[in-house]
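There are structures below to look over.
Next come two complexes built around subunit A: one with subunit B, the other with subunit C.
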Partner chain A sequence: MSVATLASTPDELPSIPWLLAGLALLAVVIVTLAVRPQLFISNLVGGLVYGMILMMIALGLSLILGLLGVVNFAHGALFMLGAYGAYQTVALFELPFWLALVVVPIGVGLLGVLMEVTVLRRLYGEDPLIGLLATFGVALMLEEATRAQWGGTPLSFDPPAVLRASVQVGFLEIATTRLFTAAVGALVVGGLYVLMYRTDFGLSIRAGLQDQQMAEFLGIDIPKRFTIVFFIGAAIAGLSGVLRGAEVGMDLGMGMDFVILAFVVIVVGGLGSIFGSVVSALLIGVAVFVTPVMLRAATTVAGLEWLYVSGIGGLMPFLVMIGVLLVRPRGLFGEEGLLE
Partner chain B sequence: MSRSNRRQVLRRLGGAATAAGTFGFAGCMGNGNGGGNGNGGNGNGGGNGATTGTTGDTLEITIGCPTALSGAFAPNGEAERDGGQLAIRHLENDLDVSVDLVTADTEVDPSVAVERLEGMVVEDGVHAAYGGVSSAVGIAMGSWGSDNRVPFCPHGASDDITGAECSEYMFATYSGNSMQASVAAPQMAEQADDWYILYSDYTWGQTAETIFTEVLEENGSNVIGSSAVPFPADDYTSYLNTAEEADPDGIALLVAGLDQRTSMNQLLSVGLEQDYTIAMHQLEDVNLWGVGQEAAAAIDVASQGWLPSLDVPADWISEIREMSEHEPYVRHYMGYTSVDQLVRAAVRAGSTDGEAIKNELEGHEVESERVRALQPSEESLYWRAADHQLVQPVYASAGRAVEDMESDPDRWFEVIDRMPGEEAAGEPSAECEL
Partner chain C sequence: MSDATEPTADGRDRLLASISRYQVPIGILLLVGLLRPVIAHDALLGSSYIASSMLIWMLFAAAFNLLYGYSGLLSFGHAIFLGTGIYGVAIGLRHFDLPYLVAAPIGVIVAGLIAYGIARLIVGYGEIYFAMLTLAFAEAIHFVVNADPFGLTGGADGLRSGTTPGWIESFRGQSVVQLGGGEFDLYYFVAIVFVLATLALWQIVRSPFGRTLVAIRDNEELARAMGISTARYQVWAFTLSGIFSAIAGTLLVIRNSGASLENFGMMTGAEVILMSIFGGMSYFFGPIAGAFSWFFAREYLTNLEMVAVPLLGTVDVGPILGYWRFFFGFLFVVVIVLSPREGLWGFVRSIADRVRRRLTEVIRE
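Up next, the complex of A and B:
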């Protein structure tokens, strides 16, 4: 295990290839701004918002992986449970969405605690593959339990009116639910930073990760702190699920769909780096949204439309991952030794 | 694989008596799939090699339902299974037949699906099968079925099922991509001049994009742009931005599965439905139940293979509700029709032999009053011999106003046009050689 970092910089980047790549990118951005300015800006903003949504989903996964060294494959299931919990609260119990936003993440966090205490606690220090398999099994159980409770039909609930509207920013029309998710994501990142780097609790967690035995000699209850970290990670997954459920509804496949993207985000950001996950999510979000526009503009201007790759946006998370790993195998902000 | 056991007691009682009288032990086709397992002497001719499976005069037949029972397509697979179960209830009431249903989860993987179907035939003695939510899965099973003389009804809508990939024992219950497009595109052309198309970037979506472009242009509209969207996609915002930038009059969503829900939800979240005519292809109601009535109301034109808003027997609707956790929709209809037709073909043939069932279905005009009641029209429904398409009407529908849905919550869509099957199906594909 290794200490998660919120602030570290990649070193020894190859300067000339990066410079050339940067210049080429700049040229394409200028061309795109000249040819399709409105679409470029719409998608840039949309990509940043999408990146914040991805970040919210990846953050809990990154926290648990970075701090506890557990590849939590059940993260997607916890995310899904957040959405279904919100459905239960808002649609079936007819309670306010704002209450669901608070209560459901706590409930999912407590489920995460149960999972940590009963399954994962005995796996710390073991091969990460064992934790991955264990959490995969938990994910299957949670998915089937969800099917048993709520059925397989896709569901939805009505979010508050304010989240069903959109706001006009210049020529941009942005759904308030997406802006709200982005704002909540920013708050969660800020809160995590303060918790881990500005409190005694965070200090004790990091001490325990550096030398668990010594920390326990000093009277720190490390297992309890790890459980709290797992609670936080699971609760963030639940919170992301509530927000996603409010935006597009819920179905049994939503967890698996997003957990794959979340893994891509943390691999690109660097295993163990929460800051890396933030940067990576924003990078991937923007890449997914603006690459098709830029490629279309560039190929149109160059008269090489046959070079345009249909559906390139969906490939971008994986192309970004391949590109980053080729240049920097541990990810943008990954630490040497973590899970290696 | 799970098996429904309702007939087991009867079969055990009749087992000894029927062992001698069972004709189904012979007839192995030599294909290695093992006919003649007899299911412990219960008279069930196994594999696909049985010539008959009877208990006294009762024909016994085992139907397989390999379909998606996990993951995002599970609601569709469950509906197909449930529709088939209702058909079995009706068939056992109407005819002297005993039907056993075996189900298995194919996920959405063609190789898994073939493995499941093979397992059903070899181990459970399945005589004919139906299911497979996606076309690729359905084609893979239909192809295997044709190699092994097991009649199979795939529930995908790709034109390839009755085109380049058609095969001898595969019978298409769902109206194909072109059939459904042919009824919706003229309606779209009536409502808007310039269209932008978003389509799922795989065979089904690509084919739909080509067909819609052709038919829209034939009807005087322009397709001013299109974007391929990876399937499945978790976010449609960038594609909707692109469509909006092109300044069309209408946006056509030729997207599949739960992407129908995601795209509609995100379209509604920025109010695009107020500025554009919205069309959706091969709409399956279940995908919009997860969004709400506003989403349905925003759809100006949708192509549908079947919809519960048709004037179908109320008993059928209530029976589906009783036995399925999903509201009735096209997948129930398909499951019901496939099982009804496969079993009736076996009854007509007096045999559970795959070839006999196939021969009975080929070119057959649907006589089943139960199925005909689900397609309320005078025109004939039939299995076209040239490509094994079930020739049946297709529908263009539109979302009803939310206030109308509130007073009649079971009907979210109303039919705005209906095209007879003969006209929608057109000529059989030259690529299909049976």
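Up next, the complex of A and C:
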């Protein structure tokens, strides 16, 4: 198995079909830039910001998956709770948004810890499917509790005035919420990288990832580390929920939608690779926003309007994933053998 | 036991042996015969309205369990196959004026082909990947159906008018089948298909094919080392499970008089998982019991308004029980944490075992 995979993915120059596909993509991009430059660029920015949100959720999910071996299905519900928590703070308590930005992620993180201690701790070392199902049950409970508390209709709140303005960059107008989301996302990735690769804490976690028993022999309190990691992952989900809620509002389906997308991001990027998750989240975010524009432009220019598929954007993550898995089963930057 | 019963013991043993051998078919027939009168009893639901929905979902859950319980592969995307069965009939009847008996097999075959294609693509990945990939495919197909390709699926509105076969007469929510002058309740039509389909599932489960699936589930490396082509068996398990789910779909379209987009939704696939695992996936009747308790809990709890609590008097529980999914989710988590493979049916069986043991002790004395 390992020999076959090694042999089948050598580092070689892109072959002719890949070159042609790349050239075709480039041609479509140029056509779109010529026909609809403004729309293309603004969708590109929108896609990158969307990708940032996806990336934050996926990082929390992949952190928990990598360390605890559990696909935390409730991660999307925690993200949703972040958005509803911000709504509660800003619209109902009438407290400043900046307070919500700090308090809500901590609250969501603590909820995550509660979940880890009461449910997941009993399931470590079991069949990973059991963990998936248990967190699925928790997600269902959280969703139903949210419905009981805030009702089933979509909600939104007014972010502070600074985030409602927009900035002129060149010929492009960018909403400040988008810039702010992108900045926070970049900070989260940077912080996570420093934490995992530049501190003793991160070192002990990576040790636990490689060989839990040995790490415990060396005196590292692994269960406590697990709980801390779970807190961090859940808090990041809550934070991205607050940002998403400020930008587009919230509804009950957002949790499930985003946890699925986040898993798609992880699969495409490759398990166990922070860098892979970042790249694939941005790639998928851009694909969702830019593909409809490009397809529209290309079909209009070529006179083949009937080829245009409405709603292709939402389909893109799954098409990208199916494509990547067919060509490169362990994802773009994945390590071999994780959870296979 | 006294010596006097000795001569007949052989015959009785044979009878007992054949009862225990055929307990699944006997159970299926008992279930179909008793379900309607039992839930219509005043102490339970007081109406047989949901009996046919229950049977259809029991079939769906049993089909799902062929995959998860017997081959260990978890699919979050079984809504695809139920939905294909439903939309196959709805599209065939509405757009192409096909008779039901032509449209339904087409829907089932298409579902089988989709299942085979998906399985061929993803069966080699690990269990978790497999589960999440089925989910991704379900989302993708949901998108396609929602986009209303060629005006076939009706998008978010679904398909309502013109999807009921001519021999179904609907009156105040009760559907009646009219065949050759006679007429009978839809329940009996559903029951016939249910019995045939579950018997077929049972035959699959106890065939060498089914035994091989169990072997793969329990130890994939060992099975492969014994020369079993594990991927091929898993592909066929997925395909068969999809086909039987689609059969449930072709019934559900009559029961719901039409197709709606939520048949393809994430929650449809999730509900069948909840039912099957809550019921107990290690047993043939587990998912069936799970589907029963799901529907029973929903109907019973949402109709319940006042509960007499000792010391507190009557409490209006209607508003809380409207969120009955929360409590079902809680029970589900409890089941998963305590004994993920046994479920409700395992619990019932262990109680029955204990009672039987006590009884035999009493009889011996």
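Structure notes:
The rule is simple: the second predicted complex is superposed on the first by the 323 of 340 C-alpha atoms of A that agree within 3 Å, B and C clash if a C-alpha of one lies under 4 Å from a C-alpha of the other, contacts with A are read in each partner's own complex, and residues count from 1 in each chain.
Simple rule for what comes next: a contact is a pair of C-beta atoms (placed from the backbone, for glycine too) under 8 Å apart; a residue touches a chain by one contact, two chains touch by 3 or more.
Model, not experiment: these values are computed from the prediction.
Steric overlap between subunit B and subunit C is present once the structures are superposed on subunit A.
Once the two complexes are laid over each other on the shared chain, residue contacts for A:Met256 go to subunit B and to subunit C alike. In the superposition on chain A, A:Arg147 contacts both subunit B and subunit C. Once the two complexes are laid over each other on the shared chain, residue contacts for A:Val264 go to subunit C alone; subunit B is not touched. Of the two partner chains, neither subunit B nor subunit C is touched by A:Asp211.
By the touch criterion stated above, A:Leu123 is placed in contact with subunit C alone, subunit B being left untouched.
Applying the stated contact rule after C-alpha superposition, one finds that A:Asp221 touches neither subunit B nor subunit C.
Of the two partner chains placed around the shared chain by superposition, subunit C is the only one that A:Leu132 touches, whereas subunit B remains out of contact.
When both complexes are overlaid on chain A, the residue A:Leu315 reaches subunit B and subunit C alike.
The clashing stretch of subunit B relative to subunit C, chosen from 77-85, 113-121, 239-247 or 401-409, is 113-121 in the chain A superposition. Comparing the two interfaces of subunit A, the one with subunit B and the one with subunit C have residues 147, 256, 310-311, 314-315 in common.
The residues of subunit C lying in touch with subunit A in their complex are 74, 121-122, 124-129, 131-133, 135-137, 139-140, 143-144, 146-147, 266, 270, 273-274, 277, 323, 325-326, 328-330, 332-333, 336-337, 340.
Here subunit A touches subunit C in the complex through residues 71, 119, 122-123, 126-130, 132-134, 136-138, 140-141, 144-145, 147-148, 256, 260, 263-264, 267, 309-311, 314-315, 317-319, 321-322, 325-326, 329, 339-340, going by the rule given at the top.
Looking at the complex, you find that subunit B touches subunit A at residues 70-72, 74-75, 78, 201, 227-230, 232-235, 237-239, 241-242, 245, 258, 261-262, 265-266, 269-271, 286-287, 289-292, 325-326. By the touch rule above, subunit A contacts subunit B in their complex via residues 36, 38-39, 42-43, 46-47, 49-50, 53, 147, 151-156, 158, 164, 166, 173-175, 177-178, 247-253, 256-258, 261, 288-289, 292-293, 310-311, 313-315.
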